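These are the structures in question, set out in turn.
Both complexes below contain chain A, partnered by chain B and then by chain C.
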Partner chain A sequence: MAEKFDVIVVGAGMAGNAAAYTLAKGGLKVLQIERGETPGSKNVQGAILYSDAIEKIIPDFRDDAPLERHLIEQRVWVLDDSSYVGTHYRSEDFNKPPYNRYTIIRAHFDQWFNKKAREAGALTICETTVTELLLDGKKVVGVMTDRKGGEIYADAVILADGVNSRLATKAGFHPEIKPKDVALAVKEIHFLPQETIEARFNIGEEEGVVIEMAGTISDGMMGTAFLYTNKESITLGIGCMLSDFKKQKTTPYELLDKMKQHPSIAPLIEGGEMKEYAAHLIPEGGYNAVPQVYGDGWLIAGDAGMFVNGIHREGSNLAMTTGMLAAQTLVELKQAGKAFTAPNLAQYKAKLDDSFVMKDLKKYRRMPDIFHKNKQFFTTYPELISKAAQKLIRVDGVDKKTKEKEIKQSFVASRSVFGLIGDAFRFWRAME
Partner chain B sequence: MLKVEEKLFQDRYRVDSGRPHIQIKDGEICTHKCAEQQCTVCCPAGCYTQEGNGKVVLIADGCLECGTCRIICDEHRNLEWEWPRGGFGILFKFG
Partner chain C sequence: MHSVVCIKQVPDSAQIRVHPVTNTIMRQGVPAIINPYDLFALEEALRLKDKFGGTVTVVTMGPPMAEAALRKCLSYGADDAILVSDRAFAGSDTLATSYALATTIQKIMGNMPVDLIFTGKQTIDGDTAQVGPGIAKRLDYQLLTYVSKIVDLDLEKKEITVERRAEGGVQLLKTATPCLITMLEGTNEMRFGDLDDLFRAARYDLKVWNREAAGIDDAEMIGLKGSPTVVSKVFAPRPRSQRAEMVETVDNDPKNLAVTLLAKVFTQHPKLEKEIAKRAG
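Coming up: the complex of A and B.
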């Protein structure tokens, strides 16, 4: 292929589509390369769409994007083996358009998003794997693909190739991912009649519920689980850090099936027909794991750059925003007649630092380390909290003062007074 | 014992017959130098199995392309790990 492009975007996920769309709108000649059969066929997410991020790219996305349900209720559950203690927040304010969050099915959404990029002028080729970057010295000048005569050239390449970030690793831009910086999540989608879902979750047509979970379901590992309502299906999954998975003998699918059998979860998916099982890594290393994200002729966006806010379960919005900012950087340089050199592309990093992306990652920079070293937040505390709640609620002739004393003693016995104070401090430091 | 095959049966694949995208570099390393063989536990598609003689056998047909095996093999780096050729491998219907 002798044809040369302004920019090649590798990947048609959230970051890649946001980048391709923004570049095409900016008048650049853009080629997007996707290894899946269609955009979305290799992509896995829970999935929740945050309106704000997509709105900044396609303001009228609600007109035709495939959306499942807008979310009116958020549940946070702490589970032990037989119970959950939770907070539920439901508000009619979330039931007024424009809606803030939606559940989506990625295979459907990504096709829509990519169609928008193509309509804006991007050229997308699917079923094509980029095998490596073409370098001239330190400068990226194009990509090698697995097609015949597979070299394609461009002035810049945006690497939106996902969490495994193979191209940057192979080119030596950053080392292999560490097990402590990624979570392995497995999930299933269960189909149920729309009315059943709406009755089970006490919701109307198009209204949705999210349940985020932590506790003994992660089997002592640092991890969380989720359950989301779609229009005619429920997705549920569980993810734990790979460094923890590495040290134990429960398989990911055993963990998922144990979660499905939990007495608080099983009734919610009862009678559903499982139609797909998926697995995916989530970059959860946070601020300190973000690699160098630009250089001569290259930029990294989305999961490939570790742009995920683990504590708030945000990733797709960071992917879209970083894809958009990478593209905007190139559009501005092109318009100013400037080359895509590393010093010029440093503007991408400046944009990231100035956005919620790096501000949020920085705020929680201590979180991964603190949770890695303090597994009691996933083991001891869920059980203590559950037992305390049960003690207070169960009426059995024991006076309340004695019950309170017993609860206090159970906490001290498990963690000691200094342990409790230390844990409170650690939790505060993680969230500070 | 839970069979992961029952889950994978729901998934859609286009298998690149005879061209596995992941290969064990040196089987001897798995057999003699790797005590844990955690790939046989952590792979969410159960692609790695322990044979009675201490060998690890990899059949990548059911691979979900997550990357777990490559990342956890950080002591021996004993895998050749590439993406499948364009259009092959797992094809998520929902994702």
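Coming up: the complex of A and C.
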């Protein structure tokens, strides 16, 4: 193909669309290549959209973006096999526009986002897979696709191809992703009439609820689960580290099946019609696993660069922000008449370090390691907490002081005093 | 040579949901696709273009969102695409749809003569298989339905020979062009377009024709007014109760099993045994 572009963006997910939109708005000639049938057709997310990141790119996104419900209530549950202990936070403040968080369906949202990019001037082609990067020495000069006439040239390529970016590995930019750095998540969408959902969760027409969960439902593995309300459906899913799945030999769908039967969860989805099942990796290696993200003629954004904050379940906002920053770097260089060389593209890293993306990842950099080494957070503690709650609540003639003593003893018996102090210290260090 | 291919954008029936309470069909949010049967028609037209050169024009009558379906056809290699779209078409049945499409095709012929018109066998939503024949009748063209193979096309003599799947066998038919072909499914496989086609499709300035542009003067012939058929209700069939039965084998003998099974089938369908016996003479 003779036509040359300023920039090729690989992928039309959150990072790719943010990048293509920003580049096109900045006046660059952009080609975006997506392997799915449509943008978003292959993408998996819970999915919660954080307004802040998209607002920075498309300030009036609320006018026409396909949004399901704005969230007014957050539940955090610690589960053992028969119970949950949780906090629910619901506030009228979340009911005042502009809303802060929404549930979305990625297949719809990505198509909308991509349409914005195309309207801004980006050219998007779908059902086309980039098979490798074209290199001139160490410089990326274009991409090879699986279509006839497959080579396309550009001055820079943004890799927004999602978790497990084969292209970067193939080009030798970073090593293969490690099982301990990715979670494998499965999710299902269960359709229910809108009125049923609203009655079950005690919410109004546009309002939504989030339940974040952890505990024995992950079967001793490092992982979390979630349940989100959409307009006419409920999404629920569970994810655990790939390395743990490998060790444990549990299959993800067994976990999800068990989760759906949990007495606290089953009634919420009862009567629903399961219509969609998806499995996807989530890069959760955190700060220490972020690879080199730029070089001569290339930049990496989104999941491909490990930009996910697993503790807070944020990924799409980091993807959008990194996509935007990568694009801004290129637009600024182009305007200044500078080439897309590695030293010039180092500005991208500087922008990242200066943003919430790297600051948050840095803050939680010890988290993945601690959870890997201390599975008691997923096994012993949920049970202890549940039993303690039950002991306190059940009225059975035992005096409260004795109850408290028994609870204390149960914790010491399971973890020892040193264990408890150690766990608390580790947790505090990780959050610091 | 010039082929016109009629395609329809339909909801992906694999993803349609049935409302659990009212049993009505819920179309909201269901992705739209090109009617799968129409792809066989398009691919056949593209193959003729590969062989004889010329132009393939795709036409659809539908809402503005049907543009996506047309762009996809362009990415496969179609040369031109026309979206016939007007509120006046809303509620059209097969009579009105075939009228609108036939008139549109006449308009197209005004710019460039047409040798062949292709449609799919039927749609997966309306399912009537009437639109193709309706167009042929209105244009007074020969009609070849359920075509499984184009055996020969002689542009000089204006003759076409095709194989047509009929009950009990295959017919070899020859007729004059221009004619209308409804293509049978499974007869070819849609190609993977090359990069140039993809780029062209993404950038193509699609033609959108409203009622007047399509040359339809008489508004009484289209839309609800031109549609004697009214779909009064659409609902899902009640799922049939399914039953499984374990059949024991005797001595692990497959023949034995077959006989047992047949005996069971014959007791449930008494006429069948006689009929088979009769046919076997």
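Definition applied: the second predicted complex is superposed on the first by the 432 of 432 C-alpha atoms of A that agree within 3 Å, B and C clash if a C-alpha of one lies under 4 Å from a C-alpha of the other, contacts with A are read in each partner's own complex, and residues count from 1 in each chain.
Please note the rule applied: a residue touches a chain if its C-beta (ideal position, glycine included) is under 8 Å from a C-beta of that chain, and two chains touch if they have at least 3 such contacts.
Owing to the predicted nature of the structure, the values given are computational and were not obtained by experimental measurement.
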Chain B and chain C placed together on chain A: clash or fit? fit
- Message: Let me test your reading of the model: by the given contact rule, A:N95 touches which partner, first (chain B), second (chain C), both or neither?
- Response: neither
Kindly classify A:R106 by the partners it touches after superposition: chain B alone (first), chain C alone (second), both, or neither? first
Across chain A, the partner (chain B or chain C) reaching more residues is B
Should A:Q347 be classified as contacting the first partner (chain B), the second (chain C), both, or neither?
neither
Q: Figure out whether A:E3 sits in contact with chain B (first) or chain C (second), or with both, or with neither.
A: second
With the two structures laid over each other on chain A, which partner does A:L281 touch: chain B (first), chain C (second), both, or neither?
first
Taking the CA centre of chain A as vertex, the centres of chain B and chain C subtend an angle, in steps of 10 degrees, of 60
Just checking: does A:R147 make contact with chain B only, chain C only, both, or neither of them? Give me first, second, both or neither.
both
Based on the superposed arrangement, let me know which partner A:Q390 touches: chain B (first), chain C (second), both, or neither? neither
Taking the superposition on A as described, I'd like to know which of chain B and chain C A:T124 touches: first, second, both or neither. second
In whole Å, chain B and chain C in the superposition are separated at their closest C-alpha atoms by 7
After superposition on chain A, the chain A residues reached by both chain B and chain C are 105, 107-108, 127-128, 145, 147, 275
Contacts from chain B onto chain A in the complex sit at residues 2, 4, 7-8, 10-11, 14, 36, 38, 41-42, 44-46, 64-68, 70-72, 74, 82-87, 89-95
Chain A residues touching chain B in their complex are 35-37, 40-45, 47, 105-108, 110, 126-129, 131, 145-147, 163-164, 166, 176-179, 182, 184, 186, 188-189, 233, 235, 242, 245-246, 248-254, 257, 274-281
The answer for chain C against chain A in the complex is residues 15, 17, 19-21, 29, 31, 75, 192-196, 198-199, 202-203
In the complex, the residues of chain A that touch chain C are 1, 3, 38, 105, 107-108, 123-125, 127-128, 145, 147-150, 152, 191-193, 232, 271, 273, 275
